[in-house]
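One chain, subunit A, links the two complexes that follow: it is found with subunit B in the first and with subunit C in the second.
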Partner chain A sequence: MRVELQNIRKHFGEVRANDDISLIFEPGKIYGLLGENGAGKSTLMKILSGFQKPDGGKIILDGKARRFDSPADALAAGVGMLYQEPLDMPPFLVLENYLLGQRRGFAVNARQAAKDLRELGKKYGFDIQPEEHIRDLSLGERQQLELLRLLAGGAQLLILDEPTTGISTEQKVLLFDSMRKLAKDEGKTLILVSHKLDEVQDLCSQVFVLRKGKLVGEAKLPCPNELLVNLMFEKLPPRRERASREQKQVALELKDAVVATPRLELQPLNLTVYAGEVFGLAGLEGSGQEILLKACAGLLPIRSGSMQLGHQPLDQLDYHAARAGGISYMAAGRVEEGLVAGLTLTEHMALVDQEAGFFVDWAGSRARTKERVQHFQVVGTSESTVEQLSGGNQQRFLFAMLPSSLKLILLEHPTRGLDIRSTDWIWQQLDERRKDGTAILFISADLDEVVERSDRIAVFSGGRMSRVVDAAKTNAEELGHLIGGEQ
Partner chain B sequence: MDNGQLIAVLASILLQASPLIIAVCGETLTERAGIVNLSLDGTMLLSAMTGFVAAHLTDNLMLGFAAGAAVGAFFALIVAFSSIQLKQSQVATGFVLTLLGDSLSAFLGQEYTRLPGPSVPHFAIPILKDIPILGPIIFNQDGLVYFAILLIFATSWWLFRSRPGLELRSAGERPEAAFARGVNVRRLRYLYTVIGGALVGIAGAAYSLDVKIGWSEGHTRGLGWIALAIVIFGGWSPVRGAIGALLFGATKAAATVLQRAFPEVSVVAFNALPWLLMIGVLLLVSNKIVGRLLVNAPPALKRPLQRMLQVAPPAALGTELKNE
Partner chain C sequence: MRPGWLDRIWPLLPVLAALAFTSVLLLLFKASPVVAFSAMLEGAFGSSERILNVIAFWIPLLLCAAGLLITFQAGLWNIGIEGQIILGSIGATWVALSLELAAPLQITLEILAAMAGGALWAGIAGWLKTRGGVHEIFGGLALNNLAIILTNYLISGPWQPPEGGSFRGTVPFGEHALLPLFDGSRFSPLALILAGTAFSIVMIALRNSTWGLKLKALGRNSRSAFLLGVSSNREAVLAMMFCGALAGLGGAVRVLSWFDSLRQSISGGIGYLALLVVMLAAYRVLWVPFVAFFFSAVLNGAIVLQLRTQLHSSLGDILTGVMVLFVLLLGDPIRLRGLRRAKDDG
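Moving on, here comes the complex of A and B:
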C-alpha cells in the first residue's frame, strides 16, 4: 500500500508536535523514523493510525484520501500500529485478547480460533500459547501477539513505535526477521520508530528525520551514522570522558542475602558496591536483577543474611526508611510507579519535598520546578501534567526530582526510550553525583550501555548472580554468554 | 431436624436468595463494563414499592415486574448519563440516588402500605420435581427462582463465552485498548448499566411480590448494600456471586436457628454472623494470603487454584474512557 501524508499538523497548546509534515511511504519497504525526544514521531504515527485526529492535513492511501475516527477504522483501511506500550488486555487470556475486536460470529469458537492463532504464529516464527494470561507474558511476547492481531486484521502498513525497548535479544532477532519477511514476501509497508541507529541501519532502506515537529531530512540507508545524528540534533555536545573511581569506601554490602518473590527465589547474594561506583546489572528481564534492586530499595524483605548501607545494618528496611537513609529508587514503569498521572510537575515537586510540613509552599515549589525543568531541559512547563510529556521528558523529570544528596541510587533502565543526547546527558548527571560519593546500581537491557557506563558488572540468569566482572575487561559478547547461564 | 425439614429449609434459603442473585447478576454485568452503580439500595426500595403498587392497581403481576424493571433502568440511566456524558463521579451519583430512592419510596408508597396484592404463584416443574433431594429444593419453587437460576448461567455464558461478553469485559478492563479494537465503549457502558439496573429493579419487585409480599416503608432497606458486597465477594462472576448469595441466606437461616438454641445471647450477635463470615472469606481469598498458601502447592495445581481463588476487580472500574 502506498501511503502519503500531506501537510499534517497537530498542536498541543503552544507545542507544535507536528508542523506541516509531508511524507510518502512506498509498499514493500521498511522505513525508519528518527528524531530526538519530543520531536513528534509518536504523534505523527498516532495520527496515521487513527488514534489521534490531526488539526490539519490529509492521509492518502493508494491515491484515496481517508479520515479515521478510531484505530479500528484505520486497521480496517489497512493501517496498524504497535504502540510503545502494547494496547492489550492484561487480565485476558491470549486467545480472548486475540478475538477481541474481530467481527465474526456471536458465540466464540474457542478451539478453532486457538488453532488459527497458533498457525498464524507459526507462520511468523512465534510460539503462541492461547491459554496463557497476557499479564504473565513478557513484553516481547505481548508485542508478537499485537503484531499477529494487526496482521489478522488486514494491516498493509505496520507501524512499530520503539519496539525493541524492553525485549530480549532473541525476541528482537525474531521480530526483525518477521519484519523483513513481511516487507519482502508480502509487500507490506513498515515504519520503525527508534532511537537506536544500529537497528535502523540494519533494517531500514530509508529514513525520515523529525526535529521539533518538522521534517528536517531524509536519507537512503546505509549511510554514515554521523549524517543521521547531525540531522537529528542541531548540535551534539562532545562526549566527556568519565573519571575513574578512586574511593574504596563501601556504600552497600550484601552478605548471603536471600530475597524471594512468589515467582522467583534468588540464590543467596554476596555483593559489595563502593561509594562513587557505577555497578551495572545485566540479564534477561525477570532473571532476578529487578528483585535485587527492589530489596535494596526496601520494597522486598530480606529473608536471611544481611544488608548494610555504609556501616549501618539495614535488616528491617522499608521503603521509607530507605529513602530517609539516602537510597533512591527509580522504577522502569515511569507513569505507573514513578509519576502520578494527572498531577502537574509542580505538584510532583511539592510531593517529594522532604521538609514539607502540613502546608504546601506552592510558590516555592513552582519556582523550584521551573528551575529544575530548565536545568534538566524538560520540554514542558511547571503546569503540564506528566502524561503530556513525551516519554523522554518524563524520564528527565524523574531525574529532576531526585533529592540532592544521596548515598545510593537504584535505577531500572535509566535511559530506556531516550535519544542519544538525553542518554548522554543523563549519564553526565549521574557522573556528577558519583563525585560526591553516591553509588549507582543500575539495570539495563542494553548490553553496550552496561559495558560502557559501569565500573563493574554482574549478570543475572534464572535467579543466580554471576561472578562480578570488571567493565574495562569485558565486552557485550562475554556478557551475552553469562546471560545464557555460562559461568 | 429430619430430612423433610432440612429440605424445606434449603428450599426456603434458595427462595430468599433469588432476588439477591438477580440483583448480583445485574450489578456484575454493570461493573464488568466498568461502571459502578452504587444506588442499588435506593433502586431496590423504589422498585419494590413501584412494582407492588403497579401490580396492586392493575392486578397484573407482570406489569408489577415491568414497573420495577423500568424504575431500575431509569436510575441506572441516570448513573450512566452523569458519568459518561457529564463526567461526574459515579460514587457521588450513586449515593445521591440511594438516598433519593429511599425517601421517594417512603413518600410515594405511604398510601399503599400493608395492602394485599398479587403474588408470584407456586409452580412445580413436572418430572424434574421428582428428582430425589434436588427436585423438591430446586424444582418445586416458583417462576422467580427458575428465572434467577437461568440468569446465573445466562450471564455467566454471556460474559465468558460470547463475543459481546468479551467486548463487555474489555470495556471494564482497559477501555482505551477496547476503543482501539473498535469497541464502542460508551454505548456498551450505557447498555449494560441500563440492563443491570433493570435486573436490580426486578430484584426489588421480587421482594414485594414474592419473598416478602406487600409494601411497607424501608421494606428492602439494606439488601442493596448486601447485593453490592456480594458482587465483590463473588469476584465479579455470576456463579460465585450466586454462591455468595446462597451462603449469605444460609448463614442467616443458621443465625435464626442458633438464636433459638441460645436465647440468652443478644440477637445482634447473630445478625452479625453473615457479615463475619463474608469478611472471613474475603480475607481468605485476598491475594496476599492465597499467594502465601500457594507457594508450596504443586506447580500443576498452582495455576488453576490461583485462577479460581485470586480475583481482581475490573481494572477500569469507575473510570472514564480517555481518548483525545
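Moving on, here comes the complex of A and C:
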C-alpha cells in the first residue's frame, strides 16, 4: 500500500508535536523513523493508525484520502500499529485476544480460529499457543501475538514503535526476519521507529528524521551513522570517558543467598558489589537477573544464606524498609511499574517526598519539580501528567525522582527507549553518583551497553550466575558465549 | 482538548434523561407526568416538616457518600457500607441501652461507639482483601448479610423489649440518649453539624493531605504506588476504616434521630444509595452534597406521591434507578477520559 501523509499537524497546548509533516511510504519497503526523545515520532504514527486525530493534514492511502475514528477503523483500511508501551494486559486467553477486534460474523468458530492462529504463527516462526493466558506471555510473545492479530485483520501497512525495547535477542531476530519477509515476499509497507541505529541500518532501506515536530531530513540506507546522528541532534556534546575508581568498601554482599519465584529458583548466589562500582548483569530475559535485583530491593525474600548492605543485614527487609535504608529500585515498565498515569509530575514529587507531613507542601513540591524537570531536561511542565510525556521523557523523570543520597541503585534497563544523547547523559548522572560511594547494579539487554558502562559484569543463564568478569577485559562476544551457558 | 462544558453539566444529563424516560413511562400507563412530578415536588418541599424530613434523610446519606469518596479514591468498591451503617446503629444502641449518663456525655459515647462499630466492620473487609485476597465486593456483601443477621438476633434476643409486642425493634431510647431534634421533626441540627464537619474533612483530605495523594496514587495504579513508597495494604485498610467510621456515624444518626430505637432494616438502603450518589456525581467532591440532596428529595417526595395519586411510591426508586442506568449508559466522561489518556502515552 502506498501511504502518503500531507501536512500533518498536531499540537498539545504549546507543544508542536507534529508541525506540518509530509511523507510518502512506498509498498514493499521497510522505512525507519528516527528522532530524539519527544521529537514527535509516536504522535505521527498514532495519527496514522487512528489512535489520535490530527489537528490538520491528510492521510492518503493508495490515492484515496482517509479519516480514521479509531484504530479499528484504521485496521479495516489496512493500517496496523504496535504501540511503544504495551497496552493493558487483559485477562484473556491468547485466542480470545486474537479474535478481538476482528470484524467477522457474530458466530465464532473457535477451533478453526485456533488452527488459523497456529498456522499463521508458524509461517513467521512464532510459537503461539492459543490456550495460554495473556498474562503468562513475555513482552516479546505478546508483541508477536499482536502482530499476528494485525496481519489477520488485514494490515497492509505495519507500524512498529520501538519494538525491540524489552524483548530478548532471539525474539528480536525472529521479529526482524518476519519483517523482511512481510516487505519482500508480501509487498507490505513497514515503518520502524527506533533509537538503535544499528537495527535501522540493518533493516531499513530509507529513513526519515524528525526533530521538534518537524521533518528535518531523509536518507537512503545504508549510510554512515554520523550522518543520521547529525540530522537527529542539533549538536551532540562530546562523549566523556568514564573514570575508573578505586574500590575498597563493600556496598552489597550476598553469601549463598537462595531466592526463588514460582517460575524459577536461582542457584545460591555469591556476589560482592563495591561502593562506587557499576555492576552490570546480562542474560536472556527471565534467566534470573531480574530476580536478583528484586531480592536486593526487598521485593522477594531471601530463603537462606545472607545479604548485607555495608555491615547491615538485609535479608529480613521489606521493600519500604530497603527504600528508607538508601536502596532505590527502578523497574523495567515505566507506566506500569513506577509512574502513576493521571498524576502530575508535581504530585509524583510530593508522593516521594520523604519529609512529607500531614499536609502536602504543594508550593515546595512544585518548586522542586520545576528544578528537577529543568535539571533532567524533561520536556514537560510540573502540571503535565506523566502519560503526556514522551517515552524517553518518562524515563528521565523516573531518574529525576531518585533521592539525592543513596547507597545502592538497582536498575532494570535504565536507558530503554532513550535516544543516544539522553543515554549518554543519564550515564553521566549515574557516574556522578559513584563519587559519593553509591553502588549501581543494573540489567540491560544491550550487551554493548553492559560492557561499556560497567566495572564488572556477571551473566545469568537458566537461573545460574556466571563467574564475574572484568568489563575492561571482555567484549560483547564473550558475554554472548556466557549467555549461551558456556562457563 | 478538554470538553469543559460537558464536564461541567455532566450530572444534569442523566437526570434529564431519566426524567424524560420516566415521563414516557407514565404516559404509557395513562398517568400525567405533570401531576406525578408536581405531587413529588409537593411531597418533598410542600411543608416545612417535609423539607426538614428531606434534610434529615440527607444527613446520613451525605455522611456515607463522603466516606465513599475516600474509598473510591483508593480504588476500592466499599459495597459493605450497608453493613457498616448497621454496625454503627448497633454500636450506638448498645451504649444507649446499657448506660445512663448526662445527655452530652451519653451522646458522645454513642457516637464514638457507632464510629468504632462501622470502622471495625470496614476494617474486616479491608483485612480480608489485603491479607486473604478476598475482593472487597464479596467480603462486603457477606458482611452486610452478617450485620442484618446480627441485628435480627439482637432485637429478637438480648435487646427484645420486655412486653414483647408485635413491633420488631428495641424499646425507644430515653430522651437523654437521643439527638436533640428541631421543633418536633426528625431533623437534628447537631447531626447536620457533624455531617458538615465530616464532609469538610474529607474535602481537605482529598485535596491537600499527603494521605489523600497516596490514596489517589493507590487507586490509579497500586503497583506503581507501592514502588513509589506507598504502603498499599495499610492505606487501603485505613481508607476502608475511615469510610466505615463515617458510615457508622450515619448509622448513629439513623437510630438516634430518624428513628428512636434499633429496628430491622435500620439502614434503609442508604449505603447502596450513597454508592449511586457518588457515581452520579462522577466522583467529584463538590457535586456530592447536591446529588445526595436530590436523591433524598426524590425518595421522600415519592412517599407522598403514593398518598396523593394512584401511583406507587416506587416511582421514586424507578426514577433514581433509571438515572443510574443512564449514568452507566452515557459513560462516565472522567473515567473514560482517564482511560484514553492512559493509553495516549509513549
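Everything that follows uses one rule, which is that the second predicted complex is superposed on the first by the 479 of 487 C-alpha atoms of A that agree within 3 Å, B and C clash if a C-alpha of one lies under 4 Å from a C-alpha of the other, contacts with A are read in each partner's own complex, and residues count from 1 in each chain.
Operating definition for what follows: contacts are C-beta pairs under 8 Å (C-beta built on N, C-alpha and C of every residue); 3 or more make two chains touch, one makes a residue touch a chain.
As the structure is a prediction and not an experimental result, all values here were calculated from the model.
Within the superposed three-chain model, A:Gly342 lies in touch with subunit C and out of touch with subunit B [touch as defined at top].
For subunit A, the partner that touches more of its residues is C, with subunit B and subunit C as the two candidates.
Once the two complexes are laid over each other on the shared chain, residue contacts for A:Ala72 go to subunit B alone; subunit C is not touched. In the superposition on chain A, A:Gln52 contacts both subunit B and subunit C.
After overlaying the two complexes on the shared chain, residue contacts for A:Lys184 are found with neither subunit B nor subunit C.
When the two complexes are overlaid on their common chain A, residue A:Pro262 makes contact with subunit B while staying clear of subunit C.
Of the two partner chains placed by superposition, only subunit B is touched by A:Glu96; subunit C is not.
Legend: residue contacts after superposition of the two complexes on their common chain; A:His320 is shown touching subunit C, with no touch to subunit B. Contacts of A:His481 after superposition on the shared chain: neither subunit B nor subunit C is touched.
In the superposition on the C-alpha atoms of chain A, the part of subunit A touched by subunit B in one complex and by subunit C in the other spans residues 51-52, 87-88. Those residues of subunit C that touch subunit A in the shared complex are 1, 208-214, 216-217, 220-221, 223-231, 338, 341-346. Contact residues of subunit B toward subunit A in the complex are 161-164, 166-167, 169-170, 173-174, 176-183, 291, 294-295, 312, 315, 323-324. The part of subunit A that touches subunit C in the complex is made up of residues 12-13, 42, 46, 51-52, 83-85, 87-88, 161, 319-320, 323, 329, 331, 335-343, 347-348, 350-352, 356-360, 362, 385-391, 394, 401. Of all residues in subunit A, those touching subunit B in their complex are 51-53, 70-73, 75-76, 87-92, 96, 99-101, 103, 105-108, 262.
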